[in-house]
Amino acid sequence: MDIRVQESPFAFGAEAEAFAARQRGMGAVVTFTGIVRDLPGGMAHMEIEHYPGMTEAALRKIAEEAQARWDLGDALIIHRHGRLGPDEMIMMVATAARHRVAAFEAAEFLMDFLKSRAPFWKKEHLSEGAQWVAAKEEDEAALDRWAPKEGA
Amino acid sequence: MDIRVQESPFAFGAEAEAFAARQRGMGAVVTFTGIVRDLPGGMAHMEIEHYPGMTEAALRKIAEEAQARWDLGDALIIHRHGRLGPDEMIMMVATAARHRVAAFEAAEFLMDFLKSRAPFWKKEHLSEGAQWVAAKEEDEAALDRWAPKEGA
Amino acid sequence: MMDVLYFAWVRERVGLPKERVETGAATVRELVAELKAREPRYEAAFADEGALRVAVDQELTDFDASLTGAREVAFFPPMTGG
Amino acid sequence: MMDVLYFAWVRERVGLPKERVETGAATVRELVAELKAREPRYEAAFADEGALRVAVDQELTDFDASLTGAREVAFFPPMTGG
């Protein structure tokens, strides 16, 4: 398991390649990358605040839960904080599993929990001013998909 | 849209990086990579046969449908044929969308259709002999998820 | 006259990847019946229709499909890409 | 004595990221009541409890949570990572 919270950019391609290359016996690797979207009205930059200490612990807990739930080969989370420009990469996750469904589900699980349960806050600096990004109801609702079910 | 069917290896990391870098205004990139799994009993190598001409057309059609359905920024499919060793990469897909759910769904859609509707056949050469990989019922069933629904 | 292609274990059972076939078959099923009547290796390849898939002019279709105007018919097992 | 941390717009409204607070509050909700009684900026930050999340010793919890033995309490809006 590889969890990194950092201000500096990361090399998505090299990270993805290295992650895939160090797997053994895994048939499927999924990556997700979150990118600063240039918004209508013009995004000057995005600022990401986080809670040092808690952030790493929260990400580790989320990754451990995914690993237990899908018997993953491995999981990687890299998340940046600080100031990011349009089209810069904010974060990535990668998952490896024997089969594709597990790799996809685990990556979606990581993203859903990371969105609403890891202590990051985004502030968009637009041409007409700055605003904190509001949490979306659909992001909170997405967690329901992973709630324990009967017999599960 | 970038569709490639080739015998030679591809550089997963470089392809993923280049795909993400050429997006504009997209907030989410998902990649999937399929890898030759070393099987119990020992996989000597895997042989992938395909139907030249039809393969490219089928992949293009699948990618076009995904692009229309999720309003993707872009989609990439690379699929190898010929002889591959254990832990070699068989194929990759990449999708880019404004939001994460669309990028994930489109990548899963590409994989589900590619598995059962693109003319590739895998033969596993194990230590005790060779066998054609049988199609799985669950792979055929996975397509139901994408069937048109009322009101959709 | 049309090209008939075989892939994967269908190709192995028939013993060749492609052949040119003189046929007046109106549907895929009629073509299969003609082929099966030829030689045991075709019998072996086409024994279980449910285990086969067919493409006419590189489009997936079924055994009821018409062959009118068709230039290329391909037989193969269910696909296993990805 | 405990450290109280504020993030995102809660930090901006309170006007500082962290402070050391002398308190006998038994629960998070009691601590919030004490802070709100101090100054209008705390009133502004804590006006809508439903818009806030809280962590005690870096674990997400709720406003009923006990503060017995707690060393660090953090207040922030719903998270928006990813």
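Just so it is clear, A, B, C and D label the chains in written order, and each chain counts residues from 1 on its own.
The working rule: a residue touches a chain if its C-beta (ideal position, glycine included) is under 8 Å from a C-beta of that chain, and two chains touch if they have at least 3 such contacts.
If you're wondering where the values come from, they're calculated on a predicted model, not measured in any experiment.
Engineer: From subunit A, how many touching-chain steps at minimum until you land on subunit C?
Structural biologist: Graph distance in the chain contact network comes out at 2.
Engineer: Let me spell it out: compute each chain's centre from its C-alpha atoms, then which one is farthest from subunit A's centre?
Structural biologist: Following the centroid criterion, the farthest chain would be C.
Engineer: CA centre of subunit B versus CA centre of subunit C: separation in Å?
Structural biologist: Chain centroid spacing, subunit B to subunit C, equals 26 Å.
Engineer: How far is the middle of subunit C from the middle of subunit D, if each middle is the mean of its Cα atoms, in Å?
Structural biologist: 72
Engineer: Multi-chain contacts only, two chains or more: what residues does subunit C have there?
Structural biologist: Answer for subunit C, listing residues that touch two or more other chains: 82.
Engineer: Subunit A: which residues touch two or more other chains?
Structural biologist: Residues 34, 100, 111 of subunit A touch two or more partner chains.
Engineer: All pairs of touching chains, please: list them by chain label.
Structural biologist: According to the stated criterion, the contacting chain pairs are A-B, A-D, B-C.
Engineer: Spell out the residues on subunit A that touch subunit D in their complex, using ranges where they run on.
Structural biologist: Where subunit A meets subunit D, its residues are 34, 48-51, 53-54, 57-58, 79, 90-91, 111, 114-123, 132-135, 140.
Engineer: Please output the residues of subunit B touching subunit A within their complex, sorted ascending.
Structural biologist: By the definition above, subunit B touches subunit A via 11-18, 20, 23-38, 87, 89, 98, 100-101, 103-104, 107-108, 111, 142.
Engineer: Spell out the part of subunit D that touches subunit A in their complex, as residue ranges.
Structural biologist: Within the complex, subunit D touches subunit A at residues 5, 7-9, 11, 55, 58, 60, 74, 76-82.
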